[in-house]
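Consider the two complexes below, in which subunit A is the common component and subunit B and subunit C are the respective partners.
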Partner chain A sequence: MEIRNILTILFISAGFLCFAASTIGVFRMKDFYCRSHAAGICGSAGLIFSGLGLFIYEGVNITGIKILLVMLAVCLSSPIGTHIICKVAYKQALAAEAECACNRVEKKEEN
Partner chain B sequence: MMETFFLCIMIGIIALTFLMLIFLFKGNSVYDKLIGILVMSTKVILILILIGFVDGRRDMYVDIAISYGILGFLSSVILAKFLGQRGGRKHGN
Partner chain C sequence: MRNKYQQIQAHFFELSLGLFAVWVLLSGQFEGKFLLIGLCSSLAIAYICYPLLNITNERTGKVYFVFGFNFLKLFVYFLWLVKEIVKASVEVACLVFRPRMDYEPRMAYFSMPFENPMASVILAFSIILTPGTITVDVNDDGIFEVHALTKGMAEGLMEGTMQRKVAALFGETCEFTPMPEAETTHIPKEVC
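This part shows the complex of A and B:
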């Protein structure tokens, strides 16, 4: 059991934990925005850990660099996707649900 | 030994993807479905790379994962844009 395998197993199981946490989060959360936060975890944390684990197992060659490229591409694009979806949801239908500052101010005026 | 480890992780992530599929069909709002699509496409990227690691030809599968990653992101962005202009007016339809 070289150190390489041990590190790979550690990193990939951590990545798997992040994936499981994000899936459970998406199921359990009540509010839409909490759900999208849970979904964001999967895109960044899960892939960073798994990508690093696979890179360590692969070593520094072309395929390893490509794995890092995939990890970087998705880590940049998944938060952007989640942001766009939340913006569309906020603009159209879910503005009242969001407990952000502007909503709290309106609620204070009502009661 | 490592191949069996990769296989177990791959089967676990495939199970999580099916869980997300159930979440998609749970009949919640359109925006939750979009979030589900985004999460599933991220998971499929990792499944692709792990398939490459399990059956040996790794560099081919990593290329497939790169193209799928970019296309998956584009599809969710365009879907969100489409929802922005037309359709999905009321919550929960």
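This part shows the complex of A and C:
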């Protein structure tokens, strides 16, 4: 019982550290993609650590397996969100760059 | 033809069995009435969803079942991936807590033309789950565009360990080829 509590405390503290790192990183990084890297820590490592901590505290019963299922669901869904946001940003940035290039060419021709 | 029909039956059976297992886990009741309701609904859901779970390869036109891989191998791969996630997130967290953050974000490109579309999905998933690398786009030709936070992370990805493990998971034999910056100019970029 004692060992289980100690393990739970260790894992959940590690999860909290990951969440703190990702929150601070979101504020400190310089551009959009780097911020999404920082946000990715809480979606993967923070979730894995805190979920494992809760699973160890609960033990192998129905609640514990439900916690594992929640971890699996979030692990499956959070990368999709990150990917789609980054893809749209990348395409939009490319479109904006292409537009800028076109404008530059037009201006040169006008001059 | 008959072989294909048997395969469809086997996939359908697997899918409904998996759904039924999730039902039993989530309900936690083992009375006959609930089990019967669960069995009926899982069969109905499998019947409705089975056509949606077949994806075609855009290049060859072959049809693949989404869950047609070895789950035991996937579990072993997932354990390895968790180890990588922990290592990479410690690296990114150290970077965040440093007073002067020195990082040079960059794009990295590599080509990995999988036959099975699910293999590229799993590879893209595991690249995004590892902190420090994000798959921005995957072409139909199997060219991955990855945004990496530091130089070390881009180089670690370009060693190709993860790509080879995913290829072994699906029994694929395609070649992993990293693409240097100079070669990437010919990649057609859709501009919306």
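In this text, the second predicted complex is superposed on the first by the 92 of 111 C-alpha atoms of A that agree within 3 Å, B and C clash if a C-alpha of one lies under 4 Å from a C-alpha of the other, contacts with A are read in each partner's own complex, and residues count from 1 in each chain.
Simple rule for what comes next: contacts are C-beta pairs under 8 Å (C-beta built on N, C-alpha and C of every residue); 3 or more make two chains touch, one makes a residue touch a chain.
The model shown is predicted, which means the values in this text are computed figures rather than measured ones.
Asker: With subunit A superposed, do subunit B and subunit C clash or fit?
Answerer: Pair status: fit.
Asker: Which partner does A:I48 reach: the first (subunit B), the second (subunit C), both, or neither?
Answerer: Touch partner of A:I48: subunit C, not subunit B.
Asker: Between subunit B (first) and subunit C (second), which, if any, makes contact with A:I67: first, second, both or neither?
Answerer: In the superposed model, A:I67 contacts subunit B only, not subunit C.
Asker: After superposition on the shared chain, which partner residues are touched by A:S36: those of subunit B (first), subunit C (second), both, or neither?
Answerer: Both partners, subunit B and subunit C.
Asker: When the two structures are overlaid on chain A, which partner does A:I9 contact: first (subunit B), second (subunit C), both, or neither?
Answerer: first
Asker: Touching A:T82, do we find subunit B (first), subunit C (second), both, or neither?
Answerer: both
Asker: By the touch definition at the top of the document, which applies to A:K91: first (subunit B), second (subunit C), both, or neither?
Answerer: Both: A:K91 reaches subunit B and subunit C.
Asker: Once the structures are superposed on A, label A:R28 by its partner contacts, choosing first (subunit B), second (subunit C), both or neither.
Answerer: second
Asker: By residue count, is subunit A touched more by subunit B or by subunit C?
Answerer: B
Asker: After superposing the two complexes, find the smallest distance in angstrom between C-alpha atoms of subunit B and C-alpha atoms of subunit C.
Answerer: 9
Asker: So which bits of subunit A does subunit B touch that subunit C touches too?
Answerer: Residues common to the subunit A contacts of subunit C and of subunit B are 22, 36, 43, 62, 66, 69, 82, 86, 91-92, 94, listed in rising order.
Asker: Which of the residues in subunit B end up touching subunit A in this complex?
Answerer: Residues in contact with subunit A: 1-2, 5-6, 9, 12-13, 16, 19-20, 23, 29, 31-32, 34-36, 38-39, 42-43, 45-46, 49, 53, 58-59, 62-63, 65-66, 69-70, 73, 76-77, 80-81, 83-84, 88-92.
Asker: In the complex, go through subunit A and note every residue touching subunit B.
Answerer: Per the touch definition, subunit A meets subunit B at residues 5, 8-9, 12-13, 15-16, 19-20, 22-23, 26-27, 32, 35-36, 39, 42-43, 46-47, 50, 54, 57-58, 62-63, 66-67, 69-70, 73-74, 77-78, 80-82, 84-86, 88-89, 91-94.
Asker: Which of the residues in subunit A come into contact with subunit C in the complex?
Answerer: 17-18, 21-22, 24-25, 28-29, 31, 33-34, 36-38, 40-41, 43-45, 48, 62, 65-66, 69, 75-76, 79, 82-83, 86-87, 90-92, 94-95, 98
Asker: Within the complex, which stretch of subunit C touches subunit A?
Answerer: Touch residues, subunit C against subunit A: 22, 25-26, 28, 82, 85-86, 89, 92-93, 95-97, 101, 103, 105, 124-125, 128-137, 145, 147, 149, 189-192.
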